[in-house]
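Sharing a structure, written as structure tokens. Questions coming.
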């Protein structure tokens, strides 16, 4: 580790809405605030689901088109199986249960935790316009709806990293 | 914002070919040039479709395997539905229509805009070799086919960020 | 190129397990070490498959839900086709054959190459706990199972870039 140039700030863009994509962004943000690193979360495109009040706790795992998806006994899940109604819901439930065992909280509580650690949450203006979403549709963690240009301003600083999950 | 260390350059890698993945890269690049930030776009793997002349304006939305996909009336689209022939085309058409309403241009025009703002477009040599693509298959926005090593050289500079969409 | 601020270190997060996602991470890491740039690879979530001994050389291409997937004669592969049993295996085999022609090695040999160039390989603690994976399940390239916080410490340094593939 180079003590002279530590990572001081991470600005994480969450653009995908599958459970595992959103959690990747949340885990990177939470890992940062726990180390005393400043964290900004910027939700855009399908990632917006994670901060839309009536969707945030109902995210699904992507079973179809994820050739790395496994069945509970460890063998590869055939892509065909992923389209059977109920399989995606089952895989989502299974993953949430595993996360729960590890004390990984649901999305809303995870955002509470990140915010308590000083992390900030933003929504993307272009995506909000496209999906006709306003501040009243978003959870209370969201500070503001900002443009990509404003996001780049937030990401300024020495030891700053932009991470697109 | 830390005025002493602004973001001065972004080097964006676009490796996926779905409409929403390509637009994420284009929106990040365009947002940069509009702020006076230098922007490099590097297309590789399936992202190459966005700069291949006869494919760039026919990109599709990933409906299958995107558990965050929504139907026009806002309810979650069952993954099963995504495989019905025509649904992907319909979703792609719908998203293009919404983008059009927001003055988000088609891929070719978007690259014109980014280039007019000083942004540069490159193709990945390894991907070009794998897909047997040469400069004549690529749109006129592409400056050169370069290696990953050359990409890292382009990404040099103070306040520089590499973003992999 | 800005000779005063070259890219000196890349810390690459590989979170997805499809063949093309893992190769994107490996190609970015290998391109770095070949240029004398320090490289850290951090495998998490489904990307863990790339360093799990009995999975690493059996990765699949994501054919379902990848609207950019092409048939051998270059036309777009209908998403429907991707679910037919055998098509994903065929596409994976085809892509591996093309990679082989370009001297792109299988995952294990690629990790050998990156390690020989000084690159380091790590597994994510949260993902290892979730999937009940320990060091004995992982290939010998893996130096350690580390937390996200420890990953940020590794990513410290002047001219350092975090890349999430």
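Residue numbering begins at 1 within each chain, and the chains themselves are lettered A, B and C in the order written.
Criterion: a contact is a pair of C-beta atoms (placed from the backbone, for glycine too) under 8 Å apart; a residue touches a chain by one contact, two chains touch by 3 or more.
Bear in mind the structure is a predicted one, so any value in this text is a computation, not a measurement.
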Given that chain B is a copy of chain C, what angle of rotation, in degrees and a multiple of 5, matches their CA positions? 120
Chain C and chain A are one sequence twice: same or different residues at the contact, by the over-half rule? different
Expressed in whole Å, how far the mean CA point of chain A lies from that of chain C is 21
The positions of chain B in contact with two or more other chains are 62, 64-66, 82-83, 161, 164
Counting only contacts in the complex, chain B reaches chain C at residues 13, 15-19, 44-47, 49, 58-66, 82-85, 88, 92, 126, 129-130, 147-149, 151-158, 160-162, 164
Chain C-touching residues of chain A, taken from the complex the two chains share: 1-7, 10, 20, 23-24, 27-28, 30-32, 34-35, 37, 62, 64-69, 76, 78-80, 82-83, 98-99, 102, 104, 159, 161, 163-165
